[in-house]
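Two complexes follow with chain A in common, the first pairing it with chain B and the second with chain C.
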Partner chain A sequence: MKNLLIAVVLLASSTSVLAADTPIVGNVQTRCLITTDTNGVFGNPLPSKLSTASADGGVVPVVRYDVTLADAYLAKVTTPTAFSASPSLSDSVTWTGSTAVSKTSDAAMSGYEAAKVTYGSTTQFDLTKAGSTWFSSTATAVYGVSKSFPGGSYTAIVLAECIAK
Partner chain B sequence: MIRLVVALLAIYATSAHSEYLYGLTGNMAGAGHTWGMNIGPSGSQSLKINGVFYQYTPTKNTEDDMLVHVRNKRVGGGYIFSSTDDWSGLQGGIPITKGFVIDNLPIELWGDGSIDIEGTGSVVDANVIYSYKYNNDCLTPMSDPSCSGYIDAVLSMMGESKVEVYDPLADENIADVIDDKAELDEDVQQEDEEKAEAKDRLQRMLSGVNDSILYANVSSQNLLMFAMSRNNNLNPYYDKKLSGGTYKETVVLDGGQLPDNKKGARAGLAQQILHTKMVNSQYEPKE
Partner chain C sequence: MKAILLLALLPFGNAMAHEMTPTYPVFTESFMAGISVTTMNLFNKRTDVSYYEIGVFDDEWEPIPFVSQYTIIPMEYLDTLAFDVYVSNLSLGSVEYICSVSQVQAGATVSSKICSRIK
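And then the complex of A and B:
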């Protein structure tokens, strides 16, 4: 019994010596960079309406995609469907929004706008060229049925994503 | 002399350091699709272009071919900057913006700029901006040794102006000041000598006093030492004691009789006679 125990211990110690963790290290260089070019501002043309349109006194948010690898990424921009911060609201808010190419760094990117795909509040662009593309989003929120928004600060978020194809 | 000045100026110019200022132009294409390169502060020297940024919106039909050239002529021929956007088969309507970093090319090399279109279509909302840096210190060549033409400007100024050698010793004001200073120095020197002499006298007097004090101290110390040693020398005698304390009579009268000393009696009688004679002699009348 004693010899068996010693043998088991030796066997266990010998196998533990043979084990080794070999790390594999790698770095992935960022090839799609998203930068907020312009922060949006809600205008309040009507008591029941908040809008980023310049005609409504707002500022359209602009986000820039810098892509260094062509035809490798999709740009997904989602306009807000709710306030991330606001006074307490007792009624429903109706959201509308859209995203469009506002500026490019290459003439070949001019087809992005025509080729965009929209579903729900999300607009998807195929970034087939390397370079910078500016996307502007409009967002409009209407409270209830012509109901006045409570006074306070309202914040909404435009979600911009870069999805590898 | 001039060679020395040139050499010194050259050394100073190579070691001098000047900082650049940076700026941006306005929209050079705001008034049309061609523009001159009169940029930067008026008269600024060493102006160099370090960036070009442009933006425009093409207007065209998608099927049309169109090339848009944004460029600047190079003085002496060719183009110093040229960027071409090929919109052929592409839709217009979306602004394009581009930026370029330029390797600090001197403004002297930059000719007129333009937006040229080949094909069918047009460009609207064009915006061309140059970034530049310049050295404001060289608005006049003599404002900084690093400016080109600094040495020439200095030499030119030396040649144009009449150089008068200034002899400070010939200046009456300076001569008066020197004389006043000499007199003042002499007075001060005399005063110093008097002070030194008075100080010497005082030191000598104090030295005599010091000697007297020292002598007095030595004398008093000697007396004190004498008194102390005397005390030490006498005390043993005071403390001396005779051993025994009693001395008994040891002379034994032989025979029990003590005879008269005849010899002593005779000597005593002779002395007495002589004494009497002397005493009586003073009463005897003088002759």
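And then the complex of A and C:
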């Protein structure tokens, strides 16, 4: 009985030593995650106008970028310049749009908005800090010269890009 | 006023994400002479996306020929997939970006594109 007890104690201590030596390994790598936080909705404040602005009854699309390493990625957000789906349109559509930083996970990201670069319908942000940044884009489509949009469903797409530097 | 309206029909507050790693892939010699390969990982957490398109580009965003298991990758929601990208050693020096672009379905309002860079 005594021998058995000794054997159990030795076995337990041996297991405990092994457990203490068990390494925990991990691999942290830089990554960019693009998340659609809010899908946009067009409001229709005038017969000739569709807009995502809340003042126009729309909902602004919001995209979140999560980066795990500072200064590794550029964020580019492009507002739409055409409908991806719509009824048949016989006149031209004039598009305007803009993208802004709406929220950040780190106060040190406050300079993103001032440092943004806009060309065409694309706005580029240099993600110099690790963490999350939310970008909101407004898009407005005006049909012809005060022409009414035909009834139907309209969809336009915001392109969110994360480009490694 | 004519009844227009239209929207993005997807539910609000339902976060949907797209991720591709590694950020800085490294090409190594493949089992075929003159062909290099790198392995990329893609994660689809977008309910509104079932396909991603892969592209390889130079520093001017001109496409570079490559071979992979798929050019258009079918992915279920929450799928993680590793795929190999094969490039001829003749083109290898020009490769700058490997990108994945979501192929959005009707109703989706955001297309996502992630590009890794060869350093």
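General observations
Here is the rule we go by: the second predicted complex is superposed on the first by the 135 of 165 C-alpha atoms of A that agree within 3 Å, B and C clash if a C-alpha of one lies under 4 Å from a C-alpha of the other, contacts with A are read in each partner's own complex, and residues count from 1 in each chain.
One rule holds for everything that comes next: a residue touches a chain if its C-beta (ideal position, glycine included) is under 8 Å from a C-beta of that chain, and two chains touch if they have at least 3 such contacts.
Source: prediction; values computed, not measured.
Aligning the two structures on chain A places chain B and chain C next to each other without any clash. Of the two partner chains placed by the overlay, only chain C lies in contact with A:34; chain B stays clear of it.
In the superposition on chain A, A:165 makes contact with chain C only, while chain B stays out of contact range. Contacts of A:107 after superposition on the shared chain: chain B is touched, whereas chain C is not.
Legend: residue contacts after superposition of the two complexes on their common chain; A:89 is shown touching neither chain B nor chain C. In the superposed model, A:70 makes contact with neither chain B nor chain C. In the superposed model, A:53 makes contact with neither chain B nor chain C. The partner of chain A that touches more of its residues, comparing chain B with chain C, is C. The overlay of the two complexes leaves chain B and chain C separated by a minimum Cα distance of 16 Å. Shared interface residues of chain A (contacting chain B in one complex, chain C in the other): none. Per the touch definition, chain B reaches chain A in the complex via residues 55, 58, 68, 85-87, 90-98.
Here chain C touches chain A in the complex through residues 1-8, 10-13, 15-24, 45-46, 48, 97, 104, 106-117, going by the rule given at the top.
Taken together, the chain A residues at the contact with chain B in this complex read 101-114, 132, 134.
Of all residues in chain A, only 29-42, 44, 47, 50, 59, 61, 63-64, 69, 72-73, 84-85, 148-165 touch chain C in the complex they form.
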